[in-house]
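Letters A, B, C and D mark the chains in the order given here, with residues in each chain numbered from 1 onward.
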Amino acid sequence: MLKVGVIGCGAIGREHIKRLSGKLQGSMVTAVCDMYENSAKEAAALVSGSEVKIYTDVQAIVNDPNVDALVVTSPGFAHKEPVLAAVKAGKPVFCEKPLCTTAADCKEIVEAEIVGGKHLVQVGFMRRYDKGYNQVKDLLDSGEFGKPLVVKCTHRAIEVDSSYSTEMAVTDTAIHEIDCLHWLLDDDWESVQVIMGANTKFAHPALRDPQVMIMQSKKGVTVVLEVFVNCKFGYDINCEVVCEDGVIHMPAPSFPTVRKAGKLSTDIETNWINRFIDSYDIELQDWIDHAVKFEVAGPNAWDGYIAEVTADALVEAQASGKIEKIELGETPAFYK
Amino acid sequence: MLKVGVIGCGAIGREHIKRLSGKLQGSMVTAVCDMYENSAKEAAALVSGSEVKIYTDVQAIVNDPNVDALVVTSPGFAHKEPVLAAVKAGKPVFCEKPLCTTAADCKEIVEAEIVGGKHLVQVGFMRRYDKGYNQVKDLLDSGEFGKPLVVKCTHRAIEVDSSYSTEMAVTDTAIHEIDCLHWLLDDDWESVQVIMGANTKFAHPALRDPQVMIMQSKKGVTVVLEVFVNCKFGYDINCEVVCEDGVIHMPAPSFPTVRKAGKLSTDIETNWINRFIDSYDIELQDWIDHAVKFEVAGPNAWDGYIAEVTADALVEAQASGKIEKIELGETPAFYK
Amino acid sequence: MLKVGVIGCGAIGREHIKRLSGKLQGSMVTAVCDMYENSAKEAAALVSGSEVKIYTDVQAIVNDPNVDALVVTSPGFAHKEPVLAAVKAGKPVFCEKPLCTTAADCKEIVEAEIVGGKHLVQVGFMRRYDKGYNQVKDLLDSGEFGKPLVVKCTHRAIEVDSSYSTEMAVTDTAIHEIDCLHWLLDDDWESVQVIMGANTKFAHPALRDPQVMIMQSKKGVTVVLEVFVNCKFGYDINCEVVCEDGVIHMPAPSFPTVRKAGKLSTDIETNWINRFIDSYDIELQDWIDHAVKFEVAGPNAWDGYIAEVTADALVEAQASGKIEKIELGETPAFYK
Amino acid sequence: MLKVGVIGCGAIGREHIKRLSGKLQGSMVTAVCDMYENSAKEAAALVSGSEVKIYTDVQAIVNDPNVDALVVTSPGFAHKEPVLAAVKAGKPVFCEKPLCTTAADCKEIVEAEIVGGKHLVQVGFMRRYDKGYNQVKDLLDSGEFGKPLVVKCTHRAIEVDSSYSTEMAVTDTAIHEIDCLHWLLDDDWESVQVIMGANTKFAHPALRDPQVMIMQSKKGVTVVLEVFVNCKFGYDINCEVVCEDGVIHMPAPSFPTVRKAGKLSTDIETNWINRFIDSYDIELQDWIDHAVKFEVAGPNAWDGYIAEVTADALVEAQASGKIEKIELGETPAFYK
């Protein structure tokens, strides 16, 4: 039974507390931490049948001997401290994406983990656990389709409010494809470009929407990603892989097909929470199952660093209008 | 150049006159006939660049030496006289469905044609010329699917007015499947049954709608045909053939696929005229090409007789609620 | 925590033991029973971290004060004794389908439950917990489609061996639709008919396959069910509901869409276990959640009786070739 | 009756001769011209029932008083002379694509036509007459989808031989989308870019395949066109238009849907001739109907010039790897 301490008791933190204490196998929540004590207390109350210690200090919960592993669900800018503390304490830590908000901070965690010599850090890119992406990956890995050549993705959302900036099309939205496609293709990023043409009338004045992002991989795969966050019609995630021996298209969530009023139609998922809801369960269960063995099967610290470096280059490309190179350096032997 | 006389100058007659004189190859309209002289004159005026003789008498147009072949588009009850006259005159005749409105009258034409010894009569079941049905037939005939076992069809229309009776679900609607499936399966009908359950609220009081018609073939194929003429959503013709080695589903007319307002949708054809519009051209061109050689490649007089006998049995089955046998007798050698 | 005793330790029994002791919430397995003690011991060994009592006697496990509720997964002919015992002991019992193998035995259980006055019996018709059927039911219940008129289903399986008889097309296969559609439509069965035409070449000599089963409901819905257990191409469950205001088609399991070798294709599920695998979890979790409150939200004893009476009539209809009436009698007030 | 002279008697020329003399309305072929007299004679023999004059000299056929209009189907490099001659003679001319092989030559034709003051030249971009593209255009023009933002196309072919060069991906292949999307979007091209990543193993050594071409329009639409001419699986033309109020996807040619061997599949068109076969008839009929009135409803000389300038820029972009501007100059008032 993995005794988990959860750091960050907001909405996602509470969902994870419920998963870890109720729904999943092999874990229990023994401690929670939030800078607001009330929030931590409310979150602790979600756990029934066992005692949960309340913390407001990150270092303290990490050091609690009754905590085997940490889950970090605080805001992105606050990830570095607890993840680094966990690594230094030699405890497995699951950190929601992004690992950190700068490449330098991600690199610091990578280096600390290498120094420690144990695989401890998993980053919360849940798409790697989505059934559809895994069906596509299975086909790619089967060899039946030859090598991938071009990938076309859409990341469409119904709408965003005025707090969503042009940069967030990269850091909040495309970040999922950055990691997921790197995993799907088993490939690294070489360069990126962003094309921003006409805006939808539904974008608030400061936002460029849609954006077409182009990412070239080291093996020569061209990824074309349409980010369109005011598409109005649904939360529509597509991924098509054009290979030497055929084309693979990821399925969408299934709904009944209906004949009505001159139309044959099926629903498009509109709720982003529902789209990957199953993935969260599978992701955390996988983390639990591996954390007890000091293994990481999901996205690791180096993946978190890759995502951050690539996102930085895309933001630069938004401003420059040019093709920007990705400079990652050699993958450390520790992560190969 | 086949010189055609058209008998019956209503809407369909005029469409055929335009086809025969303008659109198709190898034919010209040299005479038209209608019991209303004005109607005949208006129809004749559709032909430009050549003279068209006007008739009100069926026997007279059939006997016109400047008429090589006849097209009969008068109402069903008036088909027998001109078709029989044409057969006796040894001239090819294309007769819109039904051949005649009673099995006895159809049989009389069959016998006259056998006596004459020339293949002269084609009945206007245009579905045999539809691209979709022919794609299905090609797959069936390829042998790749083994023998057919069960066929499921829908014949759905948006709505009918109060002049449409329960019997017309057979005589006007299912009549198309009666002929078309007999051709598709290369099989004869053994027995029929009609199931009439709950009515749609959109049916007028005297009409049973929908109706499920079941037709067993001599080779043991079970056809389940849903006739639903107030379905409200479209003119929706489906045909699925369940075979030993797979299932074949006929395509619907194609329209763009659209993402909008939470739906992925495509249009369903709503206009029955559009659904088989291409088939009429192909059908008449095929008739012209064969008529000049005194051949019939489409549905012949015996097919017209089969359709009538089968429709009679279905109407009887509507009333009896029982399985009714089809008594066709042996197919004459002339039609084999 | 519901303490469950499992009766019948074969394949399904062991799956349920793993669910009840490992995967689901709110239950633990405290006892198991099998006429073969070794089988019971092996099954008990699947439970880790708590003691499991071994029984070979049905009455003994039912009476064990450390058993709150029973799960019966023995063969169908052996269901009556443990279910009746559980009812008499006032303990909730989940019984895999069928409830019993004769209508009379089902009726006996119904009467015992009414006498006891507590809702205790759930029958394992898992399709009611399938996501697709529930999506269809939600649309039907929304009122947006008016009343249902015709339902078309397929129950296709890849192949069966020579132990599968013509009757089993009803008792093993169609039995699922008998219950599921009765629930989906919220309607009772009025009459049934079976049409057996040409056989597939893949059926063993004593088997009629495919069979078209027709079921009329009291409200006038016509159900057409194709049972085809040697279809060769997949485990293909379809359900289309034709309503006054539109047609609803249940989705199939989703797989990537692939372009390859002149085809656009997607997989059809071939493994029947996978098709409803999620439903088993949801079904048993729902049973646990209600059993602790002496409630039954799923198919109850009366539903089990309906299924048995309807199956009997279908078997009779296979032999007679006629439309057979279903005589259920009035639904007892206890089940309304 | 439009009397047509056909210049160039190869495969396409002969197809057009058959259309103009047999299938379409309002035209007849009165003269044919080919530098090889035998070829011209063979082509003339395809016309039955009227006399056809044979020429080997372009100027002579253009000047023939029994020729009202010209169809030019010689190789692209030989288009300039007959088109210019026709324009100077004041006769309508239909010229297969490309108008000319250099922008300068196209410009010369444009200027000659403006000087003549009559609309005489149509270029053979047949996709504008395709049913699918027109269905998409109708939806765009309906206003129901707001303005277009991003367009995604594929132009995939089964394979090419070693005579097909990297540049031909533009000049032979993408040329169709260059014209068709300019028409579909009612927009002009601003800049282009070509991304050439990993090659398919099926490309011959000197060929870059696939190529991702990016075209920005003046109104800010981003077009992403995948050209993949060794895709192996089919001739697969797709066009998806992402708009402010929804996404429109052009339909593919329809084939039966088949269940077989664990797959639900439908054919992909593999024969490029079949894909747009209907468009050729509609295109030439439209040309005939307008040529008799000295009108051009299809792609005109200016469109031919646009296509050539844009193709030049794409070829430059293939070599430079950069975004290349399109410099068209102001659209002449004559073509507005």
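The rule is short, and it goes like this: a contact is a pair of C-beta atoms (placed from the backbone, for glycine too) under 8 Å apart; a residue touches a chain by one contact, two chains touch by 3 or more.
In this text, all values refer to a predicted model and were calculated from it rather than measured experimentally.
When chain centres are defined as mean Cα coordinates, D lies farthest from subunit C. Chain pairs A-D and B-D differ in how many C-beta pairs are in contact, and the one with more is A-D.
Distance from the subunit A centre to the subunit B centre is 60 Å, each centre being the mean of its Cα atoms. Between the CA-based centres of subunit A and subunit D the separation comes to 45 Å, rounded to the whole angstrom. Note on chain placement: the centre of subunit B and the centre of subunit D lie 39 Å apart, centres being C-alpha means.
With touch defined as above, residues shared between interfaces to two or more other chains in subunit C number as follows: 231-233, 245-247, 252, 259-261, 266. If you check the complex, the residues on subunit A that touch subunit B are 231-234, 236, 252, 259-268, 270. Residues of subunit B that touch subunit C in their complex: 146-147, 149-150, 152, 195, 197-202, 210, 212, 214, 216-217, 219-222, 224, 226, 228, 231-233, 242, 244-247. Within the complex formed with subunit D, the residues of subunit B that make contact are 22-23, 25, 132, 135-136, 139, 145, 245-261, 266.
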